[in-house]
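You will see subunit A twice below: alongside subunit B first, and alongside subunit C after that.
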Partner chain A sequence: MVLFVALAPLLTGIIRKTKAFLSLRRGAPVWQPYADLRKLFRRGIVRSSTASWVFDLSAPVVLGGTLVLAAATPLYSREVPLPVHFVLYIYLMALPRFFQTLAGLDTGSAFGGLGSSREVSVSSMAEPALILALCGLAFLGGADTVNGFLSGMPAGSVLARPETILIAGTLFLLLLAENSRIPVDDPATHLELTMIHEAMVLDHSGVDLGMIQLASSLRIALFSALVSAALFPQSLSLPAHLALPAALARLCLFGVLIGSVEAGTARLRLSRVAAFLMVATVLASIALAIQHAG
Partner chain B sequence: MTPSAVFFIVSGAWLLSGIAALGIRDPVRSRIAGFGGGAAASFLGLVCRMGGSLPAGPVRIPLPAPVPWVDAELYIDGLSAFFLGIVLLLGALASLYAVGYMREYDGRRRGRAAPLFFNLLLLSMALVVSAGDMLTFLLAWEGMGLSSYFLVVFEHDKEESRRAGLIYLIATHIGTAGIFVAFLFLARHTGSFSFDGFARVSIESPSVLAAAFGFALVGFGTKAGMFPFHIWLPYAHPEAPSPVSAVMSGVMIKMGVYGIVRFLFFLLPAPLPSFGGTVIALGMLSGFFGVLYAIAQHDMKRLLAFHSVENIGIILLGVGAASLCLSAGHPGPARLLLAGGLFHVLNHALFKGLLFMGAGAVYQGTRTKNIERMGGLMRGMPLTGVAFLIGSLAISAVPPMNGFASEFAIFRGLWDAAGKEGVHPGLLIATMAGLALVGGLAFVCFVKVVGTVFLGNARSPAASDAQDPGWTMTLPMGALASLCLVLGVHPALALERLMDLFPFPAPGPDLPLFDGTGKPLTVSAALAVSIGGLALMRFVLLRRNGKRESRTWACGFSYSTPRMQYTASSFAEPVIHIFRGILRPRSVREERLSGRFLLGMHFETHVRDLLENGLYLPVYRMFLRMAFLARRLHTGHIHLYLGYILGTVVILLVLFR
Partner chain C sequence: MNALTVLLLLLGIHLTVSERIRPSIRSLAAQGFLLALLPLLETPGTTWRAVALSLAVIAGKGIAMPAILTRVVSRLEIREESESLVSTKATILLTGALTLAAFVAGTRFGLSGKDELGAAAGLALLFCGLFRMTTRVKAVSQVIGFILMENGIFLLGTVSGGEFTLPIELGIFLDLFVAVFLMGILMFKIQRAFTHMDFRKIHTLKD
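Showing the complex of A and B:
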């Protein structure tokens, strides 16, 4: 869990660097997110006079809830501090989201409401695909805890198991959707017509913003760890001195992958996002059907 | 005290306090006597029920028979005792709440009649769940329908109330008719009127079995608000006074669930596998349509009523899947699924009771049910706000609240059954995905409600002046909110007892519900520690770094008004847009122009229930036409009426002799 917190900003840095490189810019150094966080945690906050205690509690709940998720996700070994059932894992994402979207509405700003509204719409449509994808992994891994099924994945080449690739594809689409990446959202824009997550957190500043940014980085790292472990299950059972570098390599690989997808894709119109998520749902269903047949 | 003594004392106290309230002239004393007495009676019953005055085995209490040739008795087994507990708990809290809430009607005479109907409703529900024979059951069922009807039309000087009452009355009688026919099937094929007798004989013919269950499903489903018989709920619940809505939605519609469970697992010894599948399908439809229509509502209580349809759907998913697993020979997952469904019955009673009470407090504070005119209530009504937030987290199935605990039990049951022989895994996995979608949409709806009602700026002067109500109203809300949290953090309290309720053959190795992994206590503790730690860290950092207040930034505009806030309708728009094919929102837009200048604009958007316009209204009109035709038989001549009677008797004699 501590390792996740330590590595998450690096992953964000790698994604940004890749995007910059592919669009022929130099970009900020990969450790820029660490510097941003350091700066934010040293600042005070400007708080809207409209906001209630829900707003004050939102940043701790967002980061705290995400930390609990991190404690349930395996990064470099099969063991995790807090093994949880995969349904509980999905629903644990709801508590941070509830408070984050409420905080968006709490300042009485139209931006916050707009961001919250889009965020809940996207995440509710993503829910069935998420359940189906994790059901598929749980069938494959023969266990129902997240670390359990990831360490129980059958060994051998992924290429021999098309359903794993399909599920990993689904999860990758969900990673993009749930973490406000292109083509669903654009983390770099502040134009209100297009943004989701950035609009929602517009009224957070200083320490609060730092916590929320850390939580966002953490979520991408968690999703990346999940998908990459499903693709390379062997990396979870390596001896200790190899496991850590392997995990790091997996995260870097995903950073580059996410960055390249973002650099090479255009943002979807908001009304098309539902169709994007339906694609994920259908992919996961196909994977489950293949599993059932095979 | 013996159970029968407790029973007679509690029901006597309900009746007497109701009648006393009628006779007391002073409205305040009348309220306290009627509702306070009712609360005390329910509380006494609850204490005796929980305190173990109920023996381990089933209890029989003989009743004076209403007609000479049958025996009437109460038969309280585990299932009845569970539902009885819910009736008493919600009854006690809602009565206490009513002591404060019903102040509204103090000037008017009808205020004195409310306690009697309310207590009669509680009494008849207690009788419904503990009836041991068909006659007692039907009498209690009818009493429940009528006493709640009078509470729905409580404000009968309003056109909408009378309309809601009429719809409710029709629905409840169609339901009763269905149940009546179902019981007649059973009585004819088993030769008995008592539930014992029904359970002893197993009906061989699948068609008779299917007919009996079909009628029962229509009857109980109508009361439960199951799709497609749900249309009365969104009319009746908003019109009734809030404590009544809390009891109707929290408890009364569960009587339908009780009936379905009683039929599926007790009265029909060998249900067909298709019964479970049917119940699952109807549950799925109820859940989906309930939550979808809820998202489109602006009226707070109507929105909550649609959520009752959704939650009944979730409960039925558990119950139906349990029946399916049982007929496929897997009692392990069946036990978990049924316990999960019933746990959701309890949880829904707790959080929906809480939410309706919160809506009532908000209504009394702001004098409106339209959420677009609220906002910022967290400031004036902090206690109501916190309780409502907890209820919203619970109904959105956010851990660590009780709503999640029961949905999780259903998820686990489905997942476990999906790996077993004889049940189709595709169906169960699809059910899981559907349940997840329903949960996600409920989440959207409650972020919308809490956000627009309690957060942000007040959208009307009334909303900025609203205050928390008195202790008689906040105490029940607080109690329910604490129960939501306790049962979420430690669900085993209820679940383990529910697992032991059922007489399933050969229990087999039971599923350990939380097999050492992700125990709710551990997860809740982890959440509490990490969130608490971070909140402390934030506090310390802010002491050091400083914090200042400022107005919300509005893109450089120097003013920002409450009207610039996001509204509930705009919040729900993306989801409504996605499902526009089903919801078919209709909007009206009028512009007032002066030459080329726009002076003002009026915009409204509505979503109407598809079934209401597409199915029920045409049927209703057809019945009306038939009634007009039948009116020609009413000539007003007595000899003709006697002739009709003679004719009917002759036809009956010809047919059945």
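Showing the complex of A and C:
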């Protein structure tokens, strides 16, 4: 798991590199996120004078909550340090966001509140799709802990259980929405009025910002682990010497995939985001219907 | 087989929700090619009837009908966005609801003994096609809905099997082809007479 945390910024780096490559720029090297983190962790924190203890607490809680989430997700093998029920898993996903939005409101800046309100509205619309998708996986895997149902998935090719393709598709749409990637939010924007996630963290600096950036890299890596485990549960039962190359391959694959999706699509209007997430919900519910029928 | 059905269903949902005409026509063509695989997979062993039906479906649904529609769209210079009487969000929700209803109906009434998923998906495509046909404003869009509906009937017919379905299927198929062909010609005429294709305005006659 330590290795997973260490590799997570690399995914962000690969995504950025792919985006740059596809738009015919050279782009920063893939280890740029590590350099950013190193710089941020050596800097002091500048704090708004109106901020309270909630603001100070938020960054550690965001990183800590995401680490707990990582402990509950099967990354390389079926065994996890902390097996949790999938509903608790969804709550664990919401906890860092809750503190993040509180911190955004706490500083009293206009953009923080704006970002918080948008972030909450996006994630609340993403919730039903997430619950339906995890329910579908739980039915298929015949267990109710996250590592339990992912390792209990019926063996054989994905084509034999097409509903997992739908669920993986839903989870991928959610990956884009929950991690503020392009069709929903632009992580690289400099215009505060269009920001969602970035507006919320505008007031964080130094070590706090480093922790938040590390947490968001980790979050994308966790989502991609979920998607790949749903599609290829075999990857969780690999022999020990193959697990690391497989994880690296997964990292590169998802980096390129997310990067090309981001480079190839335009950002949706804020009012269309609801439609985007409804598609995810509809896909997940159809996956459940297919399970019922097939 | 199941994967094919799911793919057909996904394309159908895209067709119901999509607002742009050219991507819809592309999805329709893809659906045509996938439908052509069905008779080959359904009949055990390769019979000449199955191969003939499959080739006919490729020629008709995969190539000819999309080609006619593309021609109509480019000749009439139809705008890319096609209006609907229902908003996009409502369309997405209703598509989901219709699909779920089709699955409930398909499995509850036991439309097909051997392939429940195929029958339910066929029913879902039928509902989706009907929905698109009734809510779209432009005639071309409605024709796409009509073909989608027919694709659903085709899927339903193929999976429920039976000896005599093949000739019937071919008959319906021919009807459909003629219908699309006629509609293509008709649309040119409407365009010339009214200079638009909006059915809400066609009700008032021009002198």
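Convention: the second predicted complex is superposed on the first by the 294 of 294 C-alpha atoms of A that agree within 3 Å, B and C clash if a C-alpha of one lies under 4 Å from a C-alpha of the other, contacts with A are read in each partner's own complex, and residues count from 1 in each chain.
In the analysis below, a contact is a pair of C-beta atoms (placed from the backbone, for glycine too) under 8 Å apart; a residue touches a chain by one contact, two chains touch by 3 or more.
Only a predicted model underlies this, so the values are computations on that prediction, with no experimental measurement involved.
Of the two partner chains, neither subunit B nor subunit C is touched by A:D185. In the superposed model, A:D36 makes contact with neither subunit B nor subunit C.
When the shared chain is aligned, subunit B and subunit C each come close enough to touch A:T281.
In the superposition on chain A, A:L102 makes contact with subunit B only, not with subunit C.
Shared-chain residue A:E262: touches no atom of subunit B or subunit C.
By the document's definition of touching, neither partner reaches A:E198: not subunit B, not subunit C. Between subunit B and subunit C, it is B that contacts the larger number of residues in subunit A.
Looking at the shared chain after the overlay, A:H292 reaches both subunit B and subunit C. Using the contact criterion defined above for the overlaid structures, shared-chain residue A:S49 touches subunit B, although it does not reach subunit C. Of the residues of subunit A, those at positions 274, 281, 289, 292 touch subunit B in one of the two structures and subunit C in the other.
On the side of subunit A, the complex with subunit C involves touching residues 159-163, 165-166, 272, 274-275, 278-279, 281-282, 285-286, 289-290, 292-294. Across the interface of their complex, subunit B is touched by residues 41-54, 56-57, 59-61, 63-65, 67-68, 71-72, 82-85, 87-88, 90-92, 94-95, 97-98, 101-102, 104-110, 112-114, 116-118, 120-121, 123-132, 135, 138, 144-145, 148, 202-203, 206-208, 211, 270-271, 274, 281, 288-289, 292 of subunit A. Against subunit A, the residues of subunit C that register as touching in their complex are 2-3, 5-7, 9-10, 13, 17, 88-89, 92-93, 95-96, 99-100, 103-104, 106-107, 116-117, 120. Of all residues in subunit B, those touching subunit A in their complex are 375-376, 378-379, 385, 389, 393, 396-399, 404, 408, 411-412, 415, 418, 425-426, 429, 432-434, 436-437, 439-441, 443-444, 447-448, 450-452, 454-457, 517-518, 522-523, 526-527, 530-535, 537-538, 541-542, 545-554, 560, 562, 564-567, 570-575, 577-578.
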